[in-house]
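Same chain, two partners: subunit A is paired with subunit B first, then with subunit C.
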Partner chain A sequence: MTAMAAGVTAGSHRARARRGRGRVRPWLYLLPALAVLVPLFGYPVYMLGLLSVFDYRQAQVSGGQPTTFVGFGNYATLLGDARFWSVLLQTVGFAAALVVGTLAVGAALAVLMTRIGTVPRVALSLAALAAWAAPAMTGSTVWMFLFDADLGLVNQVLGIDGFNWFFDKWVTFGVVGATVVWHSFPFVMVTLYAGIQAVPGSVLEAASLDGASTWQSFWRVIVPILRPLITIVVIQSIIWDFKIFTQIYVMTNGGGIAGQNTVLNVYAYQTAFGSSEYGLGSAIGVVMTLILLVVTMFYIRALHRTGEKL
Partner chain B sequence: MKTSRLAANTVALVVAFLTAFPIYWMALSALKPPGEIQSLDVRPWTLHPTFGHFARVLTGEGFARYFVNSAVVALSVVALSAVVAFLAAVAVTRFAFRFRTTVLIMFLVAQMVPVEALTIPLFFVVRDAGLLNTLPSLVLVHLAFSLPFAIWMMRGFVAAVPESLEEAALIDGASRATVLWRILFPLVAPGLVATSVFSFIAAWNDFVFARTFIISAKENQTLPAALLVFFKPDENDWGGIMAASTLMTIPVLIFFVAVQRRLVSGLGGAVKD
Partner chain C sequence: MKFVHSAVAGIAAVALVACAPSTAPTSGGGDSKSGTLRVWLYDEPNRAPKEKVVGEAIKEFTAAHAGVKVEVTYIPTTPARHEKFKGAFNDPSSSPDVAEYGNTDLAEYAAAGGFADLTADLQGLDVNADLLKSASVDGKVYGLPWFIGVRALYYRTDVFEELGLKPPASVEELTKTARDIRGKKPDLYGIAVGGEYTFGALPFVWGAGGDITSLDSPESRKGVKAYTDLLSDDICPPQACASLTGGKTVELFASGKAAMGILGNFSRSAVDAGVAAGKYQVVPLPGYEKGSVAPAFAGGNNLGVMKNAQHRSLAADFVKLLGGKQYQTKMYEAMGNLPTLSGARDELAAKDPFLKPFLETVAKGTKFVPIHPGWVKIDNGKVIPTMLQKVATKQASVDEATTEAATAVKTALGSS
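Here is the complex of A and B:
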């Protein structure tokens, strides 16, 4: 009876707290974030869009030339350019391969982690942490050195001295892709492993009491519980891999021979800073952002479908 | 059962070896004397380790200064982003308010924006704020770019703490601030630490912004941009590159190992029912 009364009091207290200060307080908590994000994120995004509809080159940046509004001129240039389409296509293909590779390796190793002894698990965790921790920049330099035509270890071991891994377009994509997966699978592995570990033991106990096998517990209990986490991991991989920049930029020296390994992000950067076509570069940035926006839409819809509360 | 366990252990050890190898190779090559690096007979060890490459990089190229600059920028970003992201995550998980979903979606959308493309407009923003060639310009920009992901990630950690804990404390007469900083904050600390890793790495790794904003003030340069100095069109100074890369990797490795222990301890204690 007393417990019930206490419950009722707590309930009304909770409701009052929610309704009372619920309107101002969340904005108070959001204020610091917004104070940073609006001027340093929102405004530049707006400016990116603005620059993309102007003819904005070196002459305008430092030469004092007047800027001219060209409307969708920059976009028309892009859409009529075969090079843009080929870069777009290979960016999508490369990103897709990276996402699949990263998830396959990361998820397989996360499951493996739950089935091995302490020593191999610690070894694998530390190795993965090392690969994860290595800055994209230094990861790129080390893999470049490993695959160096003359002094690289790989060529020595394979006995193919002088073979240039950064000559053929697809071989280059392969080496850069391996570097990216090496760098990004630990996030997937550690996150999914932590997720599996966080599944309450009592739930698994209940499942096994009900006669579920290990296999059934995994697919029927662990995977459904982890679905929101898996979705987040997938979408993060898509975002990161579609925006890949450092590895391509450093390892292929700005996009490979005759720009054969260029991906969109590098293309935008090179167009703006290499060719001083700031307006056109901004337009590529806008196109990239729009494509990623579509991915986000699918993500948000997927979140709604799985019934996860935003 | 025994054999499958043995096979699993073996696979894990082989993968661990392959994964760690590039890091080992980097450190090894940084310690090899120039003669062995140039040699066509590559060996996975060295009998004559030397700190020559490190000495050249630290003194000759002024990497000590760049190292401090990188650390100042990355640690400032981590400290600021932890507090700001925590507060924002509490706002979007613990309150029902108008535009809450809109705000959340904005954080999600913000993560999609290709950062490198924003270098162009940001250059003009930073220039107009009079912050070109200063370290605060890098701190602010990295803070802005790490926040959306940090908030998104913190949201999961805050949501994982049962609301009943806070309600119980409120009923016991604790103030909102006490609940926030004395109860919720310690509970999500492991999550904050995990989130910090991303903020730290993003700030520590970046070279695009560093190269764009730090134009003439060489004393305010950071590590990655300085590392580019070693890349020459035809003859790469691999010893120097590996030594500089090692210097750049060590702090992140230490940070990760320190963090790892707290990641494992996870949400223990009070949260367990």
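Here is the complex of A and C:
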């Protein structure tokens, strides 16, 4: 609704500006935001790019050795590392699974929330908000305790004492994935719940009068109306899940057995920042930024279309 | 085409060099003979006894140097310590004069040019050559080894007695004993070993004549095989043990779940707090020859003088006092840290029989990680744990895993 209003005002502004004083005014309005954003984001990104073309380690920072320009040397090292590619692939796969999982759980619970009484709904949203509010570190540690081989509640309940959940690669990804989903579904749930609440009752009523089942009216009526919202949620989730670090780092002790559960951020930390290889680390940072920029472009497109469509 | 390409690259290079990232000014310190001597020491979980010993040393020091004050700051031992040290290297005004540091951090700090060369100051120190190496880079001594921790083989006397076993005297006997125990007592691990326990595995490699810098040599492979053979279902099942760190093996032994463990002298209090208390003995970790001792890792802390120190000679004097025999002995009594000076060790060996196996291990020769800034990369990149875990979980053969690890080590040590 607000998006629609914004779209309308933006449109009329644009028309008036074109008629009136040219194109300076929009920039004037943007100036305060730019004054904050450029130094805050522009400078670090500039430094990141700059460092990524230097051989820049602790010895260079403290002046023990001269800084040398290596051009794309850091990028060559990175892209030539077979492990980087396998980790990248693994990260993409894991992030994709997480996005699907988060969305499925979030959407299912959002629909559930529209159908239950006030008390269970409040209970559910409070529980979800608690999961949302829990710091990633705390949540990961708690889940790790739950799945502890000897003392964990899960093993005691299932009666499989001594079973190590963090031994097999896929089981480990499963447990860590569940933790990540648990952390991130509340956002999806709350957003979609708000969206569903905004679907006009008359439309749903019309659908049911035409003989649509609940399942049909969900897929054929609610989902198309929520499509812009879903797009945004999906892209946000992609960005979050691609950058996953804490859960993997904490729960698998830095990448699991023989590094089988490493994701890109953990890899970056271990090969670069943890070893004071600031140049190489910056190169990894730039590559990640580029990948996420592409995703963000889709995000902005989606936002833009929301304004047009409604 | 090629011209355009190189021209663009050239312009980019000029533009970038013109605004190269900043480095700290390279300034030496001073040699002021008065004022406040600033000292950084590692914080400890139980700091009071350490503080007391240091306090005594300061009293003695200030009595001998009129007009000098000593100010001690306790810094955390978490990875954040690197940031503090880097800050001190980069900014002379926030640098202390004297600092305690872990000897595995030395190469990186020395490469960064953070510590002063103490070779001349520490001439004739009563420290054996192996230990002095853990404080030297390229033949220059950058600190006084203050204390070390050494690992040896802890074993459960009650279990050994019940099964009629003797403490193993060779790697072969160790493996057999461990297997026998688990065979007869399936709820016990024969020996607690871990896939992430680098310093538990390295003695096996060193004992066989291998080293970190030659992990793909036949000797190193023999060591890797011997260690990973312990990570098997009939000794310490990979399902449970492949992901264990050294600290976790201490827990296993202390909680009575393992009949043996490769633990340090510094783990004594942890074991005494568990169910294994009073039911264990320690012998040196055996080598391959019957009756031999596997070289242990000489991890410990050094006392160094910062390059940015404002009181160069006072700082060296303080290092020699706090790192001297009297205070090393006191530090053992307060904290349980093994002294590095041979004289102090001999005295203690006579006093405390618990230390005998550890001191015997030190006397037989210790080993150290490569003194190279690249070690941090090997450590952070988990090169050795990955190698052990791949073998233990049968993702790779010993040959494949060691070849891969050797390449990673070579890259890490070659690139800087």
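In this section, the second predicted complex is superposed on the first by the 235 of 310 C-alpha atoms of A that agree within 3 Å, B and C clash if a C-alpha of one lies under 4 Å from a C-alpha of the other, contacts with A are read in each partner's own complex, and residues count from 1 in each chain.
Note that in this section contacts are C-beta pairs under 8 Å (C-beta built on N, C-alpha and C of every residue); 3 or more make two chains touch, one makes a residue touch a chain.
Nothing here was measured: the structure is a model prediction, and the numbers come from that model.
Of the two partner chains placed by superposition, only subunit C is touched by A:Phe69; subunit B is not.
Of the two partner chains placed by superposition, subunit B and subunit C are both touched by A:Met47.
Of the two partner chains placed around the shared chain by superposition, subunit C is the only one that A:Ile257 touches, whereas subunit B remains out of contact. By the touch criterion defined above, A:Thr102 reaches neither subunit B nor subunit C. Once the two complexes are overlaid on the shared chain, A:Gln270 sits against subunit C while remaining clear of subunit B. Judged by the touch definition given at the top, the superposed model places A:Thr91 against neither subunit B nor subunit C. For subunit A, the partner that touches more of its residues is B, with subunit B and subunit C as the two candidates. 47, 50-51, 253 are the residues of subunit A that lie in the contact sets of both subunit B and subunit C, per the superposition on chain A. Listed in rising order, the residues of subunit A touching subunit C in the complex are 47, 50-51, 53-54, 56-67, 69, 71, 149, 162-164, 166-167, 253-260, 270-271, 274-277. Contact residues on subunit C toward subunit A in their complex (touch as defined above): 9, 12-13, 16-17, 19-21, 23-26, 79, 82, 86, 89-90, 108, 111-114, 195-196, 238-240, 242-243, 245, 373, 376-377, 380-382, 385-386, 389-390, 393, 395, 416.
Residues 10, 13-14, 17-18, 21-23, 25-30, 32-33, 36-37, 39-41, 43-45, 47-48, 50-51, 109, 112-113, 115-117, 119-121, 123-139, 141-143, 145-146, 148, 150-153, 156, 161, 182, 186, 190, 194, 197-198, 229, 232, 236, 239, 243, 245-246, 253, 264-266, 268-269, 272-273, 278, 281-282, 284-285, 288-289, 292-293, 295-296, 299-300, 310 of subunit A are the ones touching subunit B in the complex.
For subunit B in complex with subunit A, the touching residues are 4-5, 8-9, 11-13, 15-17, 19-20, 22-23, 25-26, 29, 37-38, 40-42, 44, 83-85, 87-88, 90-92, 94-98, 100-101, 103-105, 108-122, 124-125, 140-141, 143-145, 147-148, 151, 156, 160, 167, 170-171, 176, 201, 204-205, 207-208, 224, 227, 231, 236, 238, 241-242, 245-246, 248-249, 252-253, 255-257, 260, 263, 266-267.
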